[in-house]
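Across the two complexes that follow, subunit A remains constant while its partner is subunit B and subsequently subunit C.
Moving on to the complex of A and B:
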């Protein structure tokens, strides 16, 4: 009889305990989902030995050579000039920084294309001629997360009239390999 | 003995109800009323969409889904009200949602809110109001008022070193609410 009483007390305590727990806690579940896409990004940085870019650190920078002439005169800081027999070339290194995120790629291919046709002057990036006809491959093994200097060069004929304004854009495309 | 006797009476009553479910219809009715009373007294939790957060979908109010959509380091988020913050080596995906606690018995005025991840996740770090979530429940709010909806910010750290193999994020946050 005593055992039965004790068992009854124990069972009652268990039931009361579970009833109390059921009444004093609540639970909820919030399921969270997302899909992460792999991406790469490209920005231009000013090279220490080149022209200071406006818009440095972005993907839409401006390289201003300033006023240039074949011989003599003062050049904008960072501009290098080489005069030839019938033309002269001004150039400046520009750092291309390509970052990757959530991509297994080891390196990237960098291509460049002139935005508008230029029948007078000659353009090059990293020594590779660049026109608006097709994108030219600048490198097929670009290193991620480092400033890769690419020299942008503009060759101007001596026949160009003084005071001529030259303006164009070079479109760069980095593709993960 | 004064303490034991009431327990005995209560315990006996509960057990009589339990047996009565099998024996007589009149007793079943009585039991059903008793259970309803318990349900009304139960504290509950519900999730709601925040005005500046992702729209929660599906399920009962206490079991909703939060889909952050497609996110990336360079392009950000493609779902409204999902923010992406770029940091060196990682990016943070965040949004807000509301949580409210109801108490049918109206006995509790405040409650403690604990949260835990349903499954361990070595790739992503989940934070709720700045508290890093683990599979062990973490204290999120010690004095949450019962009744009003409180907004919470969920942040998920996505390392940029993760590749396509780990691109699917799927987990659940288990909330436990205890009246104070």
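Moving on to the complex of A and C:
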């Protein structure tokens, strides 16, 4: 009888113990998939020696030369002028910053092209003439992750009427080598 | 003898007619009792749901769902429901949101604890976070005192090293799959 009592108590203790340890749980699995692609990006930054860009740090910036004339007068800060026999050129350095991720490329090729044809004025980037006809190679060995200054120059004939507004866009494309 | 035979046949015919009629009119019935025993077991369940701000989960509403970030990159376009909260010199992070719903029955528990772990080591160049917890193969607590019966949104962050493949970065252009195990425990 005594043994039976002890056994009963022992069994009861075991049951209490297991009830105290047991936890109510639920589980689930979430399968996560992704495909990583290598990419590069291009942004324009204001060059310390050039015109302060609007939209700096983006890939759609604006370089405003302001009011320019062949001789005399005040030029916008950062604008450099050179007058020739029949035309004058205004220019400003613009920093091009190309970044990369998940690509093994060591450098990039930068090309530029005028968005719209300009039969009157002459444009250049980094000393390379730029037209609407085809993209011109500005550099074939651009360095990543650094501000690379490229001088944007606009040559205007003396024959241009005073007060003429000149506006165009230059499309830049960087391609990983 | 003949009379006796005829009498027997008459009686037999009468008896057959009565039997036939009786079987046509009688109703065959049977009765029985089924003693059913219902054992009310307590428990909780966990399912994943698509969050309105996240990607559409595969097999949403089940405990075995999938979240596809699609093509991810440091600078390129992302799928709907995927954001890119940060791009640093070393890595970039893409994020989506998913919902966890835990339902309980028969318990006095009012909240639960959610833990998560990677089923296997993270692929090269990638790391995963649920909310603020960077996942490993060891279960870690994501949330304590979570509420039952509601969709609880959680951020799922995928951080990708920007290094090139072979230089510490992840494989590119191939689908990378990782499984995250979640466990909800009633408090």
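Quick note on the criterion: the second predicted complex is superposed on the first by the 149 of 177 C-alpha atoms of A that agree within 3 Å, B and C clash if a C-alpha of one lies under 4 Å from a C-alpha of the other, contacts with A are read in each partner's own complex, and residues count from 1 in each chain.
The criterion applied here is as follows: a contact is a pair of C-beta atoms (placed from the backbone, for glycine too) under 8 Å apart; a residue touches a chain by one contact, two chains touch by 3 or more.
Computed from a predicted model, the values in this text were never measured in an experiment.
J.: Which partner does A:28 reach: the first (subunit B), the second (subunit C), both, or neither?
T.: both
J.: If you stack the two complexes on chain A, which partner ends up touching A:162: first (subunit B), second (subunit C), both, or neither?
T.: It touches nothing on subunit B or subunit C.
J.: Name the chain, either subunit B or subunit C, that contacts more residues of subunit A.
T.: Answer, by number of touched residues of subunit A: B.
J.: Go through subunit A and flag every residue that touches subunit B in one model and subunit C in the other.
T.: 23-41, 99-104
J.: Help me check something: in the complex, which residues belonging to subunit A touch subunit C?
T.: 23-41, 99-104, 145
J.: What does subunit B use to touch subunit A in their complex?
T.: Against subunit A, the touching part of subunit B is residues 4, 7-8, 10-12, 14-15, 38, 41-47, 56, 59, 62-75, 91, 93, 97, 99, 101, 105, 118, 126, 154, 156, 158, 160-179.
J.: In the complex of these two chains, what residues of subunit C are touching subunit A?
T.: 42-48, 58, 62-76, 87, 89, 92, 94, 98, 100, 102, 104, 107, 109, 119, 125-126, 128, 156, 158, 160, 162-167, 169-186
J.: Which residues of subunit A touch subunit B once you look at their complex with the stated criterion?
T.: For this pair, the touching residues of subunit A are 8-9, 11-13, 15-16, 19, 22-41, 99-104.
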